[in-house]
Every structure is written in structure tokens, then in C-alpha cells.
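Several structures are given next for inspection.
Two complexes come next, and they have one chain in common, subunit A, joined by subunit B in the first and subunit C in the second.
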Partner chain A sequence: MSDLGRYMYAISRALDAEHLVATRGLAGAPLEVVQHRELAAVVSTVDLGEYGEVALRRNLERLEWLEETARCHEEVVRAVAACAPVAPLRLATICLDDEAVQARLKEWYHALNQVLDRVEGRLEWSVKAIAPGEGSGKSAEAAVAAQVVAGSGAAYLERKKRQSEDKAAAEERALMAGEGMHAALAAVSAASRRLPPQDPRLSGHQGSMILNGAYLVEGDKEDQFQDMCQALDAIHPDLLVDVRGPWPPYSFAMMEQ
Partner chain B sequence: MSVQGTTATRASVPQEIALVDLLDRLLGTGVVLAGDIVISLSGVDLVQVRLHALITSIRSDMVEPS
Partner chain C sequence: MMTEGPSPVPTSRPYSAPLGQSPRPQPATLADILERVLDKGIIIAGDIRVNLLDIELLTIKIRLLIVSVDKAQDMGIDWWRNDPMLTTSEQGLADENRQLRERVEALEAEKASDSGATKPTVGARS
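Take a look at the complex of A and B:
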């Protein structure tokens, strides 16, 4: 029999544990709430044979396990978000017992309250913009090709030079477009962050991700935010604009340490 | 595995988060309260872990049909 630990999903405030009875934790375990003053950590018991340090290293490398754990973590966060402010914890935050959980709530009491103040009544939206890689250069390339009759060496070099200039200009335009979009979206958000562009091998996108933005949007400003997304999509017909949400405020639950 | 597509979509109702977006957030952001079990993989290491896991899976997905 392995030792047991407490897996922490999220921190909340003034949380009624009754709202969580319909949701299960990892391996089907019931969710429990560990309190310190008004702060509440949502936890469940896990087997350290699966969630201990050694096992975690191995399991995090297994996509199936990682996905299952991440999805369960997400479901719990959603259930909490439905009834109280929520600060999601990073995947695989595990304490040995409830005393250790409480010690963290006590230690980070003010920082956690600040985080909950920041995210309360707000949800996260994701906006990505993708500049199709090859497509944008094609019309310019075709134009040059049309001008160049039966390529001499000089014409070839000239064409190469133009292509390289076009590419640099396109990259510059994409960079500016990404910055402009982010600024416009940030202006209708309570907070915003730019996440690193995703690896195309993971996301499946083609071209370059010029914006992977996360936006914390006030509940009554969602229409305004979506209007802005639509307007940006309209003025950037050359970009793929991908809008997703609303999600719990994952990207805005960082503590200022 | 759900990998997010690149089609432009308009969301007005809560959507499921694509795994790649979820991992961006669960591994890259969120409150960091070091637990008693610390795999000390904050940041870079975790990104590599998940990249390794996902790429391995994507590769095997691509191999399977042939």
C-alpha cells in the first residue's frame, strides 16, 4: 500500500463545498475543502505511488496520463469557477497532508487574496493570430516572376533580392499587426498577457503565430471584447484570428512574489 | 487527443479547451504553491516534458495510418 497525499486543484474564497459534490477528483476521489480563514483549497486524496516525485516524473512523460490529469484538473477548476472566485493551481501541486495545505494558505494568505481580488467576476479569453507562412509572399513573388522574362543572372539575383525584402517586410508587418491587435484587445480587458507562440507541431497551425494572447475580461464587457475581436478580424483579412473562451482565469492567477 | 485547429471561430458559449491551450496554462501559468512533492519542473523543464510527450504522440499518430 502506497502512501497518500493531497492534490491541490485551486484556491477559492468563501466556497460552499456543497457545490462540488457532483464533481470528482483524480481517480474518482471525492473533492474536499481545506480552509484557512476565508481561503479554501480544493483538494482530493491521491496515491503517491502514482503522484509521488518519482512516479510523477515518469507519468508526466505519458501523454495519456498527462491529458487525463489535466482534464480532471480543468473540470474541478470549472466546477469551482461556477460558484466562487478561483485561482487555479499549477498541475501536480501535492502536499503530504492537510496541515501542509493549510500552512501554504497561511503563508500566502495576502498574495492569494490579491489574486482572487484580481480574477473575481472575470474570465479569460484567448486570441491567437496566425500569419499564413507561404501565402503572403506569393502574390509579390508572382508579380516579380511576371516581370522577369526568361531569367538572366542579373534578373535572377534581382528577383531573389526582392523576395528576401518582401519576406522581411511581411515579417515586420506581422510583428506590428500582432502588437497592434494585442494593444487593442488589452484596452478592452482588465488584464492581458502574451503567451509564447505555440509550437506548430502541437497546435497544428500553419504559418507563424504572431499573437498568442490571454485576456482577462470583465463579465459585463464580453460583448465589447468580442466586438473588438470581430473588428480586428475584419481589418486583418490576411490573418487567421482564433478566438476562444470564456475560460477560468488560468493565465491571471500568478502571484506577485 | 484534441489538437486545436486553425480555423477562425467565434465563440459565444463556453468551449472545451484544446489540450495544447490547457497545458500552456496548467504548466506555464497558474498559482505556483510549491507542494511537499516538488518535481522542480517549473517553467522550462515542464515545457520540454510536455513537448516530448506531445510530439511523441503526434509522431505515433502520423505513423499509424500508413
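Take a look at the complex of A and C:
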């Protein structure tokens, strides 16, 4: 008996496995479909030497491994989303064999169908707004440092004080702008969620992320949603508005447990 | 102060998606992907029990890293802020990611004293 497992990427419905032949799973393995009634789990075989409990605990801590696995997982989910409704599974959901996969589909049959009903015909869009503040704050500090040589101590303190007040006011304005943008986008979405701001070391953004929103948008409302994004971009010339999508509905595929 | 930020979104920057174009999928950043595949989606317990809370260790490591970066900055070591390669281009993002990985590895190497992994000298690039 070899140490192999079945890695589950996503659950779908009435899925034709033919649509997935062009996409490969982890380590280049072919994708397969395990059915229970109309539900379909998209799986591939993985080596438990790499995806077993002990190995996973180690590998998940390696950013390089994590990135490769996450990107592959995401590509498979995307391929499924292109041809059928999809409920993405969280990374590293692994069963020992197909019977175990089927048992999960059977156990969660109703809840999974509910999720698929909720996301069918809808796609997720991500909208982030970034207040680019870092660079200017830094140069202002440098300017103060340069002036202190010539100016008096009191003037220096006064300038420092004014700077920190400006900063607080700017933060307050950014907070309000984030709230307003989210409300406007939520109004043209079927569902919406605000996610925590991303880590700049991972995302590469500069400044502060004042909005990181996920929006579930009806297929026929996409134009309306895009128009709203453009309008928000226009009325906030001081912000970088970053619109990405469409995504498979990750942020809205949750089961009530 | 956020008034100095450029108002039009420059299309060459990797972090900005030009609006109003064809809705082709934008290349997703690693942060975008991790945010979704780790935190979102359906949770079903498989046979392989992996506590994804373990992933928080990774996040904590990245946080530690940022703290140390901030400390370094306080000490005036801020070469990465002024390096145009690191701040504006796609190459910069790739470099930044690579350095992040190296630093995480370096942290791991420090912890796992039994491993003979060499510690990359991240701060030495010019």
C-alpha cells in the first residue's frame, strides 16, 4: 500500500470532467471528479510524503511551497468556475481515498447545495483602496530634520505637532472614505464583505490599505459594478483604487455549520 | 499626508488595475491568493488533520519580520524604501517577495539549530 491521498480542490455540480483535461493538479497530476448524486468533488492524487500531517505542518511554513500550492489550488478552482458553479475548498483538504471523499459529499449534501445555489451565476470582485502616504510623510520628516539645524527648538516642536495633527486628520478622512466606498459597492452587489487590510510585504502596496472589500456580483450586474468602481475612482483622486476580478466566490462560499 | 499621491492610476504599476477595460482576470498577487485559499472557502475536515491555525505561525513570522524592518528603519537602515527596483517595478515586487522568503528561511534556520541551512545575508545587496 502506497502513501497516497486525494487532494480536494472544490465542490461543483453537474460538472463535466472533460472541461478539466487542460488543467493540471498539484505536482502535475491529472484532475479527476468524484461524484455523489449531482455533486462533484474535483480531486487529484497527492503523495502523503508531501501532504501528510507531519509534512504539511512543515511545508505550510515554507512560503515558497505555500505559494506554489496556493497558486495551483487557485488555478484549478478557476478552471472549475469557468464551466460550472463552484464552492472552493480551503487549501489542504485531503482524504485517503474516493470513498472518504464521497462520504464528505454525502454528509454535507444539503449545505453544499445551498452554497452552490448562493454563488451560482455570481462572481467575486475585489476592490482595494490605498492611501499613498508613506513617501510624503517620510520626505516631510526629512524636511523637518533639515530645518532643525537652522530653526529654533520651539519652532521644531511646533512643526512636529502640526505634522502629527495633519496625520490624524488624514487617517480620519481615509477611514471615512473607506466606509463610503464599501457602502456604495455593497449597494450594487448581491453580498459583500470587508476583509482585513493586506500585509504590504506580501501585496507590495505602499501606503495604507483603507479598504479591502470582496463583492459578490450578479453576472448581469457586472457593468453596473464596474461603473461604480470608476465613479469611486473619479471622486477619490487621492486614492489608488485597485479592482481585481472576477474571482471564484471564495469569500462567499461558507457553510453554516 | 496623502495629498502627494498621484491621482491617475499609472498603468505600468503592478499594483494598479486600469479601470474600465475588458474584464479579463488581473494577475493575482500572492496576498490576494493566500487571503482566499487559506482564510476563505468551504471548510470540510479531511482525513489528513491539518490545523490551518498553524498557518498563523507563518503570519506571525511575517509580522516579526516587519517589526524588525521597522526597527531597522528607526536605526536609519532603510535602503529598501529608496531602492527604485524595490518600490515601483514588477521586478521590485519579485525581489521583495524573494527577500521576504529568504528572511523567513533565515528565521527558520535560526530556530532549527539542527539544520545546516545557510543563512542568507539579505541586507548585503547594493
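The rule is simple: the second predicted complex is superposed on the first by the 226 of 257 C-alpha atoms of A that agree within 3 Å, B and C clash if a C-alpha of one lies under 4 Å from a C-alpha of the other, contacts with A are read in each partner's own complex, and residues count from 1 in each chain.
Simple rule for what comes next: a residue touches a chain if its C-beta (ideal position, glycine included) is under 8 Å from a C-beta of that chain, and two chains touch if they have at least 3 such contacts.
All values reported here derive from a predicted model rather than from experimental measurement.
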Side-by-side fit of subunit B and subunit C on subunit A, or clash: clash
Partner chain in contact with A:Ala253 - subunit B first, subunit C second, else both or neither: both
A:Gln230 touches, of subunit B and subunit C: first, second, both or neither? both
Partner chain in contact with A:Gly133 - subunit B first, subunit C second, else both or neither: second
Touching partner for A:Gly52 - first (subunit B), second (subunit C), both, neither: both
More subunit A residues in contact [subunit B versus subunit C]: C
Which superposed partner A:Leu66 touches (first subunit B, second subunit C, both, neither): both
Contacts of A:Tyr109 with subunit B and subunit C, given as first, second, both or neither: neither
Those residues of subunit A which subunit B touches in one complex and subunit C touches in the other: 5, 8, 11, 48, 51-53, 56-57, 60-63, 66-67, 70-71, 73-74, 87-96, 100, 104, 108, 112, 115, 126, 130, 195, 198-199, 201-206, 226, 229-230, 233, 240-247, 250-251, 253-255
Partner subunit C, residues of subunit A touching it in the complex: 5, 8, 11, 48, 51-53, 56-57, 60-64, 66-67, 70-71, 73-74, 78, 87-96, 100, 104, 108, 112, 115, 126, 130-138, 140, 166-167, 170, 173-174, 195, 198-199, 201-207, 222, 226, 229-230, 233, 237-247, 250-251, 253-255, 257
Partner subunit B, residues of subunit A touching it in the complex: 5, 8, 11, 48, 51-53, 56-57, 60-63, 66-67, 70-71, 73-74, 87-96, 100, 104, 108, 112, 115, 126, 130, 193, 195-196, 198-199, 201-206, 212, 214, 226, 229-230, 233, 240-247, 250-255
Contact set on subunit C toward subunit A in their complex: 1-9, 14-17, 19-20, 23, 25-26, 28-44, 46-50, 52, 54-55, 57-59, 61-63, 65-66, 69, 81, 87, 92-93, 96-97, 100-101, 104-105, 108
Interfacial residue positions of subunit B with respect to subunit A in the complex: 1, 3-12, 14-15, 17-39, 41-42, 46, 49-58
